[in-house]
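You will see two complexes here that share subunit A, one where it goes with subunit B and one where it goes with subunit C.
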Partner chain A sequence: MEWIVGILIVLVVIIGIWAIAQYNGLVRLRNLVQEAWHQIDTELQRRHDLIPNLVETVKGYAAHERATFEAVTQARAAAAAPGNSPAQQAEQENILTQALGRLFAVAEAYPELKANQNFLALQQELTNTEDRVAAGRRFYNANVRELNTKIETFPTSIIANMFKFVKAEYFETEDPAARQAPTVQF
Partner chain B sequence: MGGRFSRRNILGWIAGAAALVVSIGFQMGSFEYQVWAVIGVAALVVGAYFLFRFLEQTRHAKRLKAFAEQHGWTYRPEGGELLTGLKGFPFGFGTGRAAIDVVEGTYSGVAAASYTYSYDQQVAGEYAGEQVFTVTQALLPAKLPRLDLVPEDAGTRVLSQFGLADIDLESAEFNRTWRVLSDDKRYAIDVVDPRMMLALMRNRQQGVAVRIDGDKVIAWSAGVAHVRDLARRMDLVASISKAVPAHVVRRYAELEEQRRAGEAAREANAPDWANTGGVLNSGRYTGIGVDADGDGVDDWEQRSR
Partner chain C sequence: MFPDPGFGAGEGLFGAVFALFPIFFIAVVGFMIFAAVKGYQESKKRKAAIAATVAMHHLGHIPEDSSRVGYFASAPFGTGDSRRARDIVWGTLAGRPFETFAYSYETHTTDAEGHRSTTTHHFQITWVPLPGPLPTLKLSSDNALLRGLTHLGARDLKVESHDFNQRWKVVADDERAGHAVLTPRMIERFLQPDVMGRTFAFEGTALMSASPQVSDLGDLQMVVSALHSIVDLVPRFLFEDRSGGQPEGLGEAV
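Now for the complex of A and B:
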């Protein structure tokens, strides 16, 4: 009889250790997701900070394109507002991207603007920032994928449900140019 | 393969010589001659092995020379300096490390080289055989931290050399084919973007592992690869070099520039004693509490990271 009790105690200890390991793993992943989101946020802030200069530069050559400037300014304000969830932020960033696309389309009609060094520098910096946002997005989504998979798969899902771990949202932005690219097949 | 020194001819000669030695030995009748006959056959086999190796190496070198000439590249028999700075398996292991049969040139706009790398394996201080690898490398646009990409079919001997956990990416097929190994997950995900994944999947070859380290991307595999595989291996390293994302190149180029600027500032501001090696100093000027260039940052804080 005693050996049955002994085995039961060992089993309980093993299960306890396993549960602690799973819990800690989930906490680690959740923190990674949060940290990755903060990194994206930093890059998005940089993107938002570049836009007023860009708008002012374009205004110097195309002051009458007010509707375009207002659309960019409003989209920027909405995207820069605090408290957005990743899905909401993605939506705001998509609207901002579309507004910026129209702004650059306006700039195409002004050769002097296209040759303006300040405009070129801002455009390049914006491109660099968007590259970093895209890279940050991939890293964030990779961590979200790992966290969500762990939360959903058995038996870690038992620990996740017990301690109320929730799935994180992906950060999916729309890139019209990417939608036009051919499907990549290995 | 034809020719006077073809494998078939050599095997035929050896078989004939062995048969002759054995028949003479055994016809002699005495046990002593039979023993000598067996020793003679063993010596023939060993000699044949080394002859094969020599001939194979000579033929391989000839094929490489012809390949190099055909593509406007250069061939040289040795290139030990190519191993400088390479670390991690299989580099930096064993003794007698050598790089031979070096083919160098520009492939698809990227400076590249291919060579045979070998070292003598040591086990408990004893010689345990020669290990040979084919290595193909290309220059990267910036100095990057180490990242290993090991194919799943590389074999347990190779896979067991890496203690890092595999990093999963967006493509299930890619994850099944390649192991991405790095101690910096963010860096690995930044570098292995969809374009890089495409380059790796399109140009993958059985058993060929890839390493990005410093200013080189290296593809290596066990054994001596045939010359006909050389172009594909060059394609692999050149396409990887060109697929490194622009923002990664920019970031690490900036970091390298900052590191050099910091080093130059430290060198310029260091007192003589700090640049002189001695018993009680490291020969390195720390610059703690000194801001010689007046930028508001102590010299010692001007580091790359």
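Now for the complex of A and C:
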């Protein structure tokens, strides 16, 4: 009889250790996802901060392209608004990317603008920032994938449900590197 | 009175074995001599091919240098003993710098009867400098031969491409930097046939590639071109975030 009690105690201890390990793993992943999101947020803010200067530079050469400038300004404001979830932020950033694409398409028609050092520097800085956002997105999504898989798969799902771990949202944006400057033909 | 019926048969069998043994012994020795001669001829042919490549492209060459065995920490370095780096060749191809050498090490096993056997492992190492230092990132083709060279128990970085995850095992000291390096274009690059069967390691200010067999440098141009195309796909901001510099020893003899 005593050995049955002993075995039960050992089993309880093993299950307890396993549960603690799974809980800690979920906490670690959740923190990693949050940290990765904060990193993306920092790079997105950097991107948003570059845009007003870019718009002003293009305005100096193509002031009549008002609709394009307004679209960029509105998209930027929406993207920079606080409180967006990752999925909502991704949607806003995609709208902003499309608006920027039209802005750069406008710039293609002005050779003086394309040669402007300030414009070139801003364009390079924007590309740099978008590369950082893309890198941050891959890291964030990889950790989201791992967290969500752990939450959904048995038996870790028992611990996840018990301690109210929720799945994280992916951050899916268009790859700005795929944006090609249109060929302007005269 | 009655002869042992088995006595004649046993004697016949023993006689046959006794007669065949010298033939078997001669065959084994003959094969060993053939293998040694063949190996020597292959080595001579390889050295002639290397000399021709060095002359054609005005490259530097030294026959052996022990300092190269400690150049990298990633596999296949840091394993075994009697490590040697031979036929070190360096210079530029299409204006891009590189260095390559044959690397070998020995491992020893002892069987249940206490017999020790030695295995020599050969690799062709080729490396190119990076514009700046990066955290270590190792990519190995996910096959049985090379899988054993990766760190046991290390996390395999997974990307969004199933094909890439199937073909490559990726281990990164800094996972964030690892994901930053693995852009969609980089992933696509690593799905091309010219990089299969090799291991790659971003280590310090170098990108190193190891092939599990010694080369006569016939594929040197292809390998160097592949390495530089990979370097060109690394996002520049990763280098800007860290200080840059040329690696030591590119082309320098000890």
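Observations, loosely collected:
We take it that the second predicted complex is superposed on the first by the 174 of 186 C-alpha atoms of A that agree within 3 Å, B and C clash if a C-alpha of one lies under 4 Å from a C-alpha of the other, contacts with A are read in each partner's own complex, and residues count from 1 in each chain.
We adopt the following convention: contacts are C-beta pairs under 8 Å (C-beta built on N, C-alpha and C of every residue); 3 or more make two chains touch, one makes a residue touch a chain.
Keep in mind it's a predicted model, so treat the numbers as computed, not measured.
After superposition on subunit A, the partners subunit B and subunit C collide with one another.
In the superposition on chain A, A:N148 makes contact with neither subunit B nor subunit C. In the superposed pair of complexes, A:F139 makes contact with subunit B and with subunit C alike. In the superposition on chain A, A:N128 makes contact with both subunit B and subunit C. Touch criterion not met for A:Q22: it reaches neither subunit B nor subunit C. After superposing the two complexes on chain A, the stretch of subunit B that clashes with subunit C is 2-10, out of 2-10, 20-28, 272-280 or 290-298. Within subunit A, the residues touched by subunit B in the first complex and by subunit C in the second are 36, 128, 131-132, 135, 138-139, 141-142, 145. Listed in rising order, the residues of subunit A touching subunit B in the complex are 36, 128, 131-132, 135, 138-139, 141-142, 145-146, 184, 186.
Touching subunit A in their complex are the following residues of subunit C: 157-160, 175-176, 179-180, 182-185, 235-237, 240. Across the interface of their complex, subunit C is touched by residues 36, 39, 128, 131-132, 134-136, 138-139, 141-142, 145, 175, 177 of subunit A. Considering their complex, residues 168-171, 173-174, 185-186, 189-190, 193-194, 197-198, 201-202, 245-248, 250 of subunit B touch subunit A.
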